[in-house]
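Below you'll find the structures, each written out as structure tokens.
The same chain A turns up in both complexes below, where it pairs with chain B and then with chain C.
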Partner chain A sequence: MGYVSARGGLDAIRAAERLVRRLRLTSESSWLEEDQILEKLRLLVDRVMGEAGLWAPRLAAKALRQSEGDATEAVHLLRAYRSTLPRFAYSESADADDVKVERRIVPAFQRVPGNQLLGRSVDYTARFLERQSDDMAREEAEKLRSEASGTPGDEGGEAHDNTDTTQRSPQRLLEMLREMDLVVDRRRADDPEPFDITRTPARPPAARSALLSSMTRADTGALVNQWYRNILGPDGYLHEVTLGEVRHGALDVVVRHPVTGLPVCVTSVRVTEVEAIEDLEGVDEDRTKFDVGYGLCFGHNERKAIAMANLDIACHRDAGRTQLEQSLLLTTDALDSAGFLEHLKLPHYVTFRSMIERKFAMRKARNRDAS
Partner chain B sequence: MRSRPERLVELGEQCLTNQALRESLIVTQPPACGTLMLQVREPVRRERFYLGEILVTRCEVRIGADRGWAMIDGDEPRAALAAAICDVVSRTTAAEHEPLRLAIDSLCRETNEHLAAQEQREWNQIADTRVKFEEFE
Partner chain C sequence: MTLAALSSRDSTMVFRSLLQAFSSPGERVQMPAHLCDSMSPLALPLLALVDIETTFCIPDDADLEAEVAELTGSKVVAVADANFVLCTTPPPQELVLHVGRGTALQPQLGCRLIVSNESHEDNLTLRLSGPGTRPESQLSVCAAASDFIAARNLAVAHPPSGIDCWLVSSDGVVVGLPRTTHAEQG
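Moving on to the complex of A and B:
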């Protein structure tokens, strides 16, 4: 068995591509509209945009349809497309305090400024699989639509006073804790430029802005796993974690008009934001106070934002003692990890051939030694 | 910039019915898709970080010495061109453009009303999910 260089497979590759495309486009069921994906699979669309690091709902819907529901493949498609686009500008710095909430809960405190606003959530709902037929579900949808039409919001529910801005942008718990002098003050006096992970790979020790950017576009599952490992796993940490704010809402995106110099709101994006309160108990820490970690990501993805906030404070307290920061920066990106994993499916004929030859050589040497 | 794309295109086309305006209009940067990096100031350390990019369409036009610019959410080349035309027209001083400037003002008001109505609708849907605690003695 000698080494033989070879080429081929191009026809098979093209046939495989055609097969995927044909079966996707010609399946018996009706055409899957972008609007259906956007409305009925909204959380998946949000997740893909977050992990791609690109807010583009329609493109994310197209990517999900093309990838036949494979979220990581959809992220790959979006990132590949993004890499062809020029970057026109950087937004004005958006203040997280300006998020207009559609949902806001404060698990740490009952009485908080503003409301505990559950919003669109199944957190408190028993998980029963709805097994009614499609016809019954359609009937129910029609009934709900007719009940909603003609009501003040035209979408159901009564008209409520929307003029109190504190309801939509309530004071955050962190401010309350600061007023009570219960939180370590880590506010910076300077204003460093953020680290751009899309231009330069972040390596430890990295600026916190690099860590936050890495986590905000990390794979959701990877980040949850890092958090779980960190809190219960072999890393040996047991944090006393309480969530401060969990918010989902809209954040305005503002740029400077290049002619007038005035701020212009281009659009608004939905984000999920979390504050994680950490009980400080280390010997070198102020044990009379708490510290806070922060998570923010595109779309509605509470699991990710919660993991991010907890890992932000865990990383700060770890201060480079373990490999936590390295793990977060280098192993949580969906495209990095899936890309490396999937490359294993490509032909490794030559490398494996060399491994076989080494085995034969070792066996030959062992037999020679034995005789 | 946040008007509905179809309304922007409508108004842009209305602007272009003015022959003098159409002839003096120069598209200095045709509509093109790109990204806008969103930076956020977080509350813990009050430091900025990049949250991610947003798909936008940008366009620039000129009428004489006046420049018009637009950046629109998503892949909307026609709306971006229309918005840039509206932007430059809103800054011209020619009397003959007055009806167009009024139409642009009207679209801005309409957009603000639309966004406010959308926000009200959203609040109507979620307001009932506010938690009212009962405290036990």
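Moving on to the complex of A and C:
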């Protein structure tokens, strides 16, 4: 059987492009509004913004609609769009202590300053698929709305009840541990410029800022997988990790006004922040102390921030002994991995034809040797 | 015509035009008409693409260079160091051979050269081949640009390093000549 190379047609490609657009726009159901995506699929919007490295809820909603719910494709659209935007200014350094928390839990300590603030999380809901009819669900929604509007000062929902300023900016467990001299102090006196992974690809050995930036933009599933592989997989060594802080809240973004030079808050972003406390037990480590890993990402994505914090400290302790840093830097980005995978669908006529020719050549040589 | 900073929407529209021009070398792509009517089309690629993290230079028009720097916050540097170079007339060979071409490992550092290209009766016709071109792809450049084309061909002779060019006319039509395109007089 012969193997004949073919040439892809530009017209066929354009027709396929038109087909995607036409079927998306002309589907029978009613138009999917951006507000619906923002409200009903808020966690997906957050995830897409985090992996795209762009805080733009409405654009993320548009991207999700255009990608028909394919999160990786939506990330691709946002990153591509982001790359076309000019950079006007650099933001001032933000202090994570300025996050106004909407949720804050400290699994390590029962009684911590500022208390636990459970907030909006499915952690405490039963995993029962709600099979009520749409009509019943709408009826319940209406009832809840009218109840909420009848309760003065309750517009923000239950999570906002009785929450004073202290609880919005609570003291960290880490501060308590530092006061007790229980934490290795790795804070540095200098203030180096952070590595910008959007301009230069990070390669090992990389600065910690490069590692953290890469993880904050990484595919959530890839990061969770890396963490789990580290715990139970072939890399397996069991970490005694306890979460010190899990926070979700709003953080102001401040830039200097180009004319007045004064700091101006231009927007507020929601972030998830995690501090993971690791029990040090290595022979070359101070076993009387703990160490801390850090994770922070856009939006509400606790799974990602927890994996990130755990991998941050794991990478520090690993100190280049294994391929962990390389795996994190080179294999967890959704666009890198999905892009490479999907390129396999492009025509490989020439390379495959050469592989076939090599097979025939080897077979011919083997037959010649046999005779 | 004075320049103005582009909105993100206008910036994206110009970007799409430039991308289309690179995707189909030789194709005449019209940049957004409402922008071409109100400011110099030659400056639109710079207004859309340069920012505080990129560098540029306009060696033959200091006033335009100062205006673009003011509007975009982009830094003016020497020709050899510039990410973007704009020439209001066909550039001499020495300049084209002097701009950055990147390296085999970092070909993305090659310069993007924006060159004014007006129609004249004595225009040269170049036959184009390479990715994105059609069998009949041609490029018409003014006769004064023949040195520029010859130098450009030398600058792209060692891929993947090289330079990418946009030829822009005063009516806002842009034609792409990326480093992957082979151009020869037809």
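Definition applied: the second predicted complex is superposed on the first by the 353 of 371 C-alpha atoms of A that agree within 3 Å, B and C clash if a C-alpha of one lies under 4 Å from a C-alpha of the other, contacts with A are read in each partner's own complex, and residues count from 1 in each chain.
In this text, contacts are C-beta pairs under 8 Å (C-beta built on N, C-alpha and C of every residue); 3 or more make two chains touch, one makes a residue touch a chain.
Treat the numbers as computed from the prediction; the structure is a model and nothing was measured.
*Asks:* Once the shared chain is lined up, is A:Ser213 touching chain B (first), chain C (second), both, or neither of them?
*Replies:* Touch status of A:Ser213: first partner only.
*Asks:* Could you say whether A:Thr165 touches chain B, chain C, both of them, or neither, answering first, second, both or neither?
*Replies:* neither
*Asks:* Determine, under the contact definition given at the top, whether A:Val259 touches first (chain B), second (chain C), both, or neither.
*Replies:* A:Val259 sits against chain B, while chain C stays out of touch.
*Asks:* Check whether A:Ser354 is in contact with chain B, with chain C, with both or with neither, and answer first, second, both or neither.
*Replies:* Once the two structures are laid over each other on A, A:Ser354 reaches no partner at all.
*Asks:* Once chain A of both complexes is superposed, is A:Gln132 in touch with chain B (first), chain C (second), both, or neither?
*Replies:* A:Gln132 sits against neither chain B nor chain C.
*Asks:* Return first, second, both or neither, reflecting whether A:Arg120 touches chain B, chain C, both chains, or no partner chain.
*Replies:* In the superposition, A:Arg120 touches chain B alone.
*Asks:* If we overlay the two complexes on their shared chain A, which of chain B and chain C does A:Leu85 touch? Say first, second, both or neither.
*Replies:* It touches chain B and chain C both.
*Asks:* Have a look and say if chain B or chain C is in touch with more residues of chain A.
*Replies:* The partner making contact with more of chain A's residues is B.
*Asks:* Which residues of chain A are in contact with chain B in one complex and with chain C in the other?
*Replies:* In chain A, residues 85-90 are touched by chain B and also by chain C.
*Asks:* Any idea which chain A residues touch chain B in the complex?
*Replies:* 49-50, 53-59, 82, 85-97, 100, 102-103, 110-111, 115-121, 151-160, 162, 167-168, 172, 174, 186-188, 191-198, 208-210, 212-213, 216-217, 251, 253, 255, 257-259, 264-267, 269, 271, 275, 292-294, 296-298, 312
*Asks:* So in the complex, which bits of chain C are touching chain A?
*Replies:* The touching residues are 8, 11-12, 15, 48-53, 72-73.
*Asks:* What part of chain A is in contact with chain C in the complex they form?
*Replies:* It is residues 81, 84-90, 199 of chain A that touch chain C.
*Asks:* Which stretch or stretches of chain B touch chain A in the complex?
*Replies:* 1-2, 32-56, 58, 67-69, 71-75, 87, 91, 119-131, 133
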